[in-house]
Amino acid sequence: MPTLGHLINGTRHDGKGRTQDIFNPSTGEVAGQVRLADKATVEEAIAAAQAAYPAWRNTPPAKRARIMYRFKHLLEQHAEEIARLIGQEHGKICHDAMGELQRGIENVEYACGVPELLKGEYSKNTGPGIDSWSEFQPLGVVAGITPFNFPAMVPLWMYPMAIACGNTFVLKPSERDPTSTLYIAELAQEAGLPPGVLNVVNGDKEAVDTLLDDPRVQAVSFVGSTPIAETIYTRASSNGKRCQALGGAKNHAIVMPDADMDYVVNSLTGAAFGSSGERCMALSVAVAVGDTAANALVDKMKTQMETLKVGVFSDEANDFGPLITGAHRDKVVGFIDSAETQGADIVVDGRRPRVEGAENGFFVGGTLIDRVTPEMTCYREEIFGPVLLVVRVGSMDEAMQLIDDHEYGNGTCIYTRDGEAARYFSDNIQVGMVGINVPLPVPVSYHSFGGWKRSLFGDLSAYGPDAVRFYTRRKTITQRWPSAGVRESAQFSFPS
Amino acid sequence: MPTLGHLINGTRHDGKGRTQDIFNPSTGEVAGQVRLADKATVEEAIAAAQAAYPAWRNTPPAKRARIMYRFKHLLEQHAEEIARLIGQEHGKICHDAMGELQRGIENVEYACGVPELLKGEYSKNTGPGIDSWSEFQPLGVVAGITPFNFPAMVPLWMYPMAIACGNTFVLKPSERDPTSTLYIAELAQEAGLPPGVLNVVNGDKEAVDTLLDDPRVQAVSFVGSTPIAETIYTRASSNGKRCQALGGAKNHAIVMPDADMDYVVNSLTGAAFGSSGERCMALSVAVAVGDTAANALVDKMKTQMETLKVGVFSDEANDFGPLITGAHRDKVVGFIDSAETQGADIVVDGRRPRVEGAENGFFVGGTLIDRVTPEMTCYREEIFGPVLLVVRVGSMDEAMQLIDDHEYGNGTCIYTRDGEAARYFSDNIQVGMVGINVPLPVPVSYHSFGGWKRSLFGDLSAYGPDAVRFYTRRKTITQRWPSAGVRESAQFSFPS
Amino acid sequence: MPTLGHLINGTRHDGKGRTQDIFNPSTGEVAGQVRLADKATVEEAIAAAQAAYPAWRNTPPAKRARIMYRFKHLLEQHAEEIARLIGQEHGKICHDAMGELQRGIENVEYACGVPELLKGEYSKNTGPGIDSWSEFQPLGVVAGITPFNFPAMVPLWMYPMAIACGNTFVLKPSERDPTSTLYIAELAQEAGLPPGVLNVVNGDKEAVDTLLDDPRVQAVSFVGSTPIAETIYTRASSNGKRCQALGGAKNHAIVMPDADMDYVVNSLTGAAFGSSGERCMALSVAVAVGDTAANALVDKMKTQMETLKVGVFSDEANDFGPLITGAHRDKVVGFIDSAETQGADIVVDGRRPRVEGAENGFFVGGTLIDRVTPEMTCYREEIFGPVLLVVRVGSMDEAMQLIDDHEYGNGTCIYTRDGEAARYFSDNIQVGMVGINVPLPVPVSYHSFGGWKRSLFGDLSAYGPDAVRFYTRRKTITQRWPSAGVRESAQFSFPS
Amino acid sequence: MPTLGHLINGTRHDGKGRTQDIFNPSTGEVAGQVRLADKATVEEAIAAAQAAYPAWRNTPPAKRARIMYRFKHLLEQHAEEIARLIGQEHGKICHDAMGELQRGIENVEYACGVPELLKGEYSKNTGPGIDSWSEFQPLGVVAGITPFNFPAMVPLWMYPMAIACGNTFVLKPSERDPTSTLYIAELAQEAGLPPGVLNVVNGDKEAVDTLLDDPRVQAVSFVGSTPIAETIYTRASSNGKRCQALGGAKNHAIVMPDADMDYVVNSLTGAAFGSSGERCMALSVAVAVGDTAANALVDKMKTQMETLKVGVFSDEANDFGPLITGAHRDKVVGFIDSAETQGADIVVDGRRPRVEGAENGFFVGGTLIDRVTPEMTCYREEIFGPVLLVVRVGSMDEAMQLIDDHEYGNGTCIYTRDGEAARYFSDNIQVGMVGINVPLPVPVSYHSFGGWKRSLFGDLSAYGPDAVRFYTRRKTITQRWPSAGVRESAQFSFPS
């Protein structure tokens, strides 16, 4: 069985020392091993990045961008293979993996535009004969630490733009499903990145701590759970690094009485159960305003869910696949159990799904829980599974209060036809990404991704325009040329 | 011998009626015929563009951009074939044709970023509860009329961005060398443009007049000579069309006494003689400040020019090739003759170059003329040939006055090491594109190309950010939602 | 009785030669005379502007802006006097004149931000060691020609920004009501403008023609009727000037069946009758979708209009005042007559209003005409009077077709609560300024004002961000410093 | 003797409890007392800000800006009084205080442009029928903690923009010289700020800690020394607040052999000794390249310094005034002593200046120390006094290495005429604000102020465009309207 190593200074690096199992969650079997980098290995990667930095920084942005164009092309050429690698280790169905990859490619596309995005501001005559302008210069070596749930997309949120801005990069992907991540990084290499510009180290806490503490690392981008995000942000910050750390979520959709319920149910189904709900933008709570709306929603949802298919990643007919580990599957089931115990109504129960031929896979079926209240455990915590909660409220204000009171503020949505309700909601809700009839309001690659409250630590959002600011440092130049130089002296050079 | 037709509504259209010879200027022989579209054929193209417009306009910008990415890839794959087609009909050496194509591709790259470039400005609460934003909407059918000297690049200045912005396009390329232009347009088609989005009609004045007068055409981009540019601008404008028309040039470089003369001579050589000087950015006048600088310049230039090689397009060892037609060759020779007659000093004479094996090609060798004065014919007019004039002045101010007094204001350059001289020059000179130690200051694709004075008619420059404005129309929306809608009424739906 | 002269080179200039009466339209009496500048006087103003240009251009933008701050302050201090001067010659009620002035002041405010707005784009390393940036340089002498209906606001759309950008200005205001315009210009002078930076010449066609033909004038901004706008645009353009010419309008509001009819009627009343409808953004056609909506609209409008008060400008209790001249009053009455003749239904008839104590004023009362059809004269032409037409249609698409078929495309509005209807309308309608439940969608000063179709000739809109582009010319600098300069030689200066 | 209290919820608040002396450093005498707020008082201010927030947030930006215009006007009207208050407690000469105030006013001016600066990005059709846009929403209650050296300017870097963006503010100024700060805040109140929008609390560590720990405070801006800045940044960050903390500096100017030495000496004098060197942008180290340049610099500087006048704040003939406290005076003298001990050459010695009639003032005269080396205490630490060090090096690279090796990276300058040297320097130096022949490269108010390395903790710079980002939070809205709404149903309403 293969052991996955690292990518350091442009070559595969098998590493030595500790390893960890990688599972195929569709079967529950061990599919391989991943090497866990020790401190020295991570430092080797940092050193490679540091060495590659000066030349890369001085490479014109348009030339750096040209490698991103080739990278995009290679990603498209190898899309099916990538999707297979994702599915095998993460469990998501191929169509979903292809979708993930596509969003990742869109971030590469945005990085292609870096010559435009790096433009500074030029002011003539800030004083008499004085000009000023700003430059956005790269930081140096930058690190990324990414989660299991989007092994292709989240790394692509980070390093294409970081690198296009002139930085060099060390990526520490999730040790649960690192194979597709490494495969993609090798395509970036193939696209023309000089050795050391992009490095990948697999590992666990030891690798992470090394990245957080090494003074050569200038900035850290992280995506994961809120407790870890907070720890990483605090440690990186106190080490003088720039940091953005994205954490957890509990995304609510308000269903207004005037909403088109067929549209609601259709769009909610994908948003709640896609990728088994293992998305930080998964829509996990529907807040129905009025019992009429609530009853219609639950009835239609129940019917719709009858056709939902959970199963192995490789069958395109499945809607979603297994959870990432057996332990996580048990945790999700535990949340459903707690809801039942605490008095909620389990309308559709996915706790013991029959997946023929894959009995040992880490599956939980689509689950719908009605009459959830804010005190319940299943409401307070992020489940990260295929579970949709329904909360019933009496007014839109009550629904909004519920959302604002939750510790997370990643995404949210309102279903309505009414312009005024939509505007009031989007204006006032304390959430960073707001959908109007869009249950997964993930910003496109040319906007930026960022939650509010405890969903993001840091000033700047991920990808899009904010990423350019995150991966560069502003420098302001003020210039005045003393008079009486060659211009005047040249007056006398005429041999009359 | 083949007759080149048109590309209308996604398919080759052989056309009928008048034709015209296409020459291979390296041999002086006829290489083919091009069909000259009559009014009805042009109207057919316009109709195809008009029909394709509604669906194309509603295609999301990111999806339109994706075709541009593929187009770029195809252009790179077919670069050598394109360079050969350019060289065959235009005469420029392959390395030069590759350079032209590369600049064209960079415009396709910029068009790939159209989702970013089309962003409007959003203002919350322009009044209480009132929001306003701007959208940049496409115009509809847009036309481009392009010159012989850059059959690949200049069309690529225009239609990639026009199309990426949501317009549909009718291109009328030069009838002197249309083959590469048509070939490239077919690659755009292959990249995924729906039929009718890009149409190419070959033709002459009849075709041009049809484009200028047809009310369905919303805007016209033109590059050519100043008299034609002015006519086109006036006619298009009075027909209610948006127009930008780029004309001729006479680009001067000031050589200051402190300049590094080796650097000057090296960079001037390419800028003056590359592409036989058939470039609107060709550097055709060197203005030396002081006789010391002038003498050094002329001496070193003369030596440098001994190694300059003029010859057939297909030999990569040549520096530049023939002129476009025999008539143009005679005209350029006539300018040199006039300089001689009017008292200038022909330092290097390219009037009768020996090009073995290509005796009938339309060649003029690199020519250097010293002691030119502003009254001379060769100074007043654009030569568009491999001829570099030297004017001697006594001061930088005198040099600048010379430039400002010329009717054209396309490009210019100063050679100096001195920060103050450079800043004074770039601030005050009445020219649109200014080089500091850069003799061909063609803006990169993410800036815009535009001369001043009689070098450009219109408010907005070509390609880059200005092209986005040229190919779109601003719409401003102001929105207020009346209160007391579904939001309040939903308060009462709670069944208490 | 006073004769109003000009403001040239910082001082009052009484002028000589022809004069014309200025009326007080509230009484119908002659209130004064205005001097009509001959060619020589206009040329004197142009010469003053030209002479002031070089020093003004080199004044740092922040310092130019500082004068705008003082100008704003002076306008606020003298607001009541200005409103009185407007009312006296134009006829609009003081509260309306104050509103006009406020919108004008907002344009001065926007010009205060010119240091921000003039920022160019700076790109490091467009090639190895090469930097490029753009500057937006002033044009030189710029002219403005403004209409009678906004003697304060429309000039303030133009010259504050033109001047803040570094241009000098010659303004030719309407000869109907020039006193407030001149008064305001003198406040600008008092705020600190150097002599010659802002000049005002009163006049008629002779003055206009001089401005259009003089080669020292680089650009012309015009607001007026469409036939004149078109003439001015063509003449200025063919003289090589930059031009933007704003013309007439026929602004429609679609009233959807779901609209809140009280809100509609309240907001429409001001939009249709304010300033006697003498606004290019006046809402003059209500298109009701379905007879239910139409009947409700007409009924409620009729009731609402019973309280509408037409009268003299100086009585704040009046809603609107007289028309500008007796001739114009007769023309408006003629339009109402024609509607009656052609079969429309005159619901409220303002043709013979009783205005006690002002029997000779040029008054027309608020008029509501139902069952208007597109063929009628009153529909085809711009009335520019207090007349609201109602057209009845069967669907929203029919309503939109009506709007798109009209030659003008200035402003438009939809009344609805429905988000989808609003988005479809604003996306597709061929009009430049779109209101959603906002019947007068005049963009705020930090957006730009521009109609589509025959409502605006030129590429760039008035005021806001577009004005910065209109009043400046892009210059692109590309800079490379030859190596081996003082930096290396300085290595050897160390006395070891 | 008066005791200075606080400004809370729009009114003076005398406070109770602890107080501290305020000195007049020109005389060394106690001039008054300042109240030191306890926790409860600070919480009262926070509560007032929190209460004022909802209404202020919903006030249109243009209306918020209008208060800033009035504030600017009041500051200009009361400039002399403010300068006097600054001088009395800080010691800087009136002309210098006027300069400080002017830079502060320029930040108010920039805040006037907030409607432009708050514009979000609007994207049509991010998917079919889907639109997305970003809004930059205020944070809530924001705190500022400011240093003694710019009691007017630094607070004006912060709260005008914070407030213009829709936040409410609690300011904790320096307890050394709070009177002018409070006076200015009252002018802001007078300009029209609603009560509670701007609050000022005087205090010390207790007040600071309360601001850092209170969960209602969303963000903290700080300017002071590096150790405190780091502490504040870490504490605010770990409390989940946004923070920017500006610290100390050691700003070097490289003097190249080709520099115009008269220009160098003239401009360095003000940069080194102005405000007694108590500026974080003070130019405190001149690095001369080559002994020829060094000798010329020291000679001319020595001569120039003979005319330097230190003395009381109220005499406009003085060049600079006393240091802030007796303790600080002793510390600065200690640095000079240490330089002498460690072998540097005290060329001009300001340790015991004679200031007639003010013998007890905290004065140190202008001091020039040659042959300083990097190991010396005076080089390693920030002196914050009127002391200019000269370091001699053999090459420009050596000079740059020196700068990059220092822990601070606030400002720096190069003196040269050579374009290449300037470009190389500004590109590569690890400092945030770079001057080319400008020894105090403080960015103008429409650019942003930010050092690198340990001179700034946080991602975003102070004032200018970055301040808008710092004081707002990005929200991204994604909107789709379900079809088949009122638009289609309205089709059937036609009563045929």
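Just a few scattered comments:
For clarity, chains are labelled A, B, C and D in written order, and residue numbers in each chain start from 1.
Quick note on the criterion: contacts are C-beta pairs under 8 Å (C-beta built on N, C-alpha and C of every residue); 3 or more make two chains touch, one makes a residue touch a chain.
Predicted model only: the values in this text are computed from it and were never measured.
Interface chain A/chain B: over half of the residue numbers present appear on both copies, so the contact uses mostly the same residues. In this assembly, the chain whose C-alpha centre lies farthest from chain A is C.
In this assembly, the C-alpha centroid of chain A lies 48 Å from the C-alpha centroid of chain C.
If each chain is reduced to the centroid of its CA atoms, chain A and chain B end up 42 Å from each other.
Distance from the chain B centre to the chain C centre is 36 Å, each centre being the mean of its Cα atoms.
Counting only residues that touch two or more partner chains, chain B has 62, 115, 119, 121, 123-124, 126-127, 134, 416-420, 422, 436, 444, 446, 479, 481-482, 485-486.
Contact residues on chain C toward chain B in their complex (touch as defined above): 121, 123, 126-127, 130, 132, 134, 233-234, 237-238, 240, 242, 260, 263, 417, 422, 426, 431-438, 441-444, 446-450, 452, 454, 457-461, 465-466, 469-470, 473-482, 484-486. Interface of chain D with chain B (complex): residues 58-62, 115, 118-128, 133-135, 416-420, 422, 436. Touching chain B in their complex are the following residues of chain A: 62, 65, 69, 72-73, 106, 109-110, 112-113, 115-117, 119, 124, 129, 131, 256-258, 289-293, 393-397, 416-421, 423-424, 427, 444, 446, 479, 481-483, 485-487, 489-491, 493-496.
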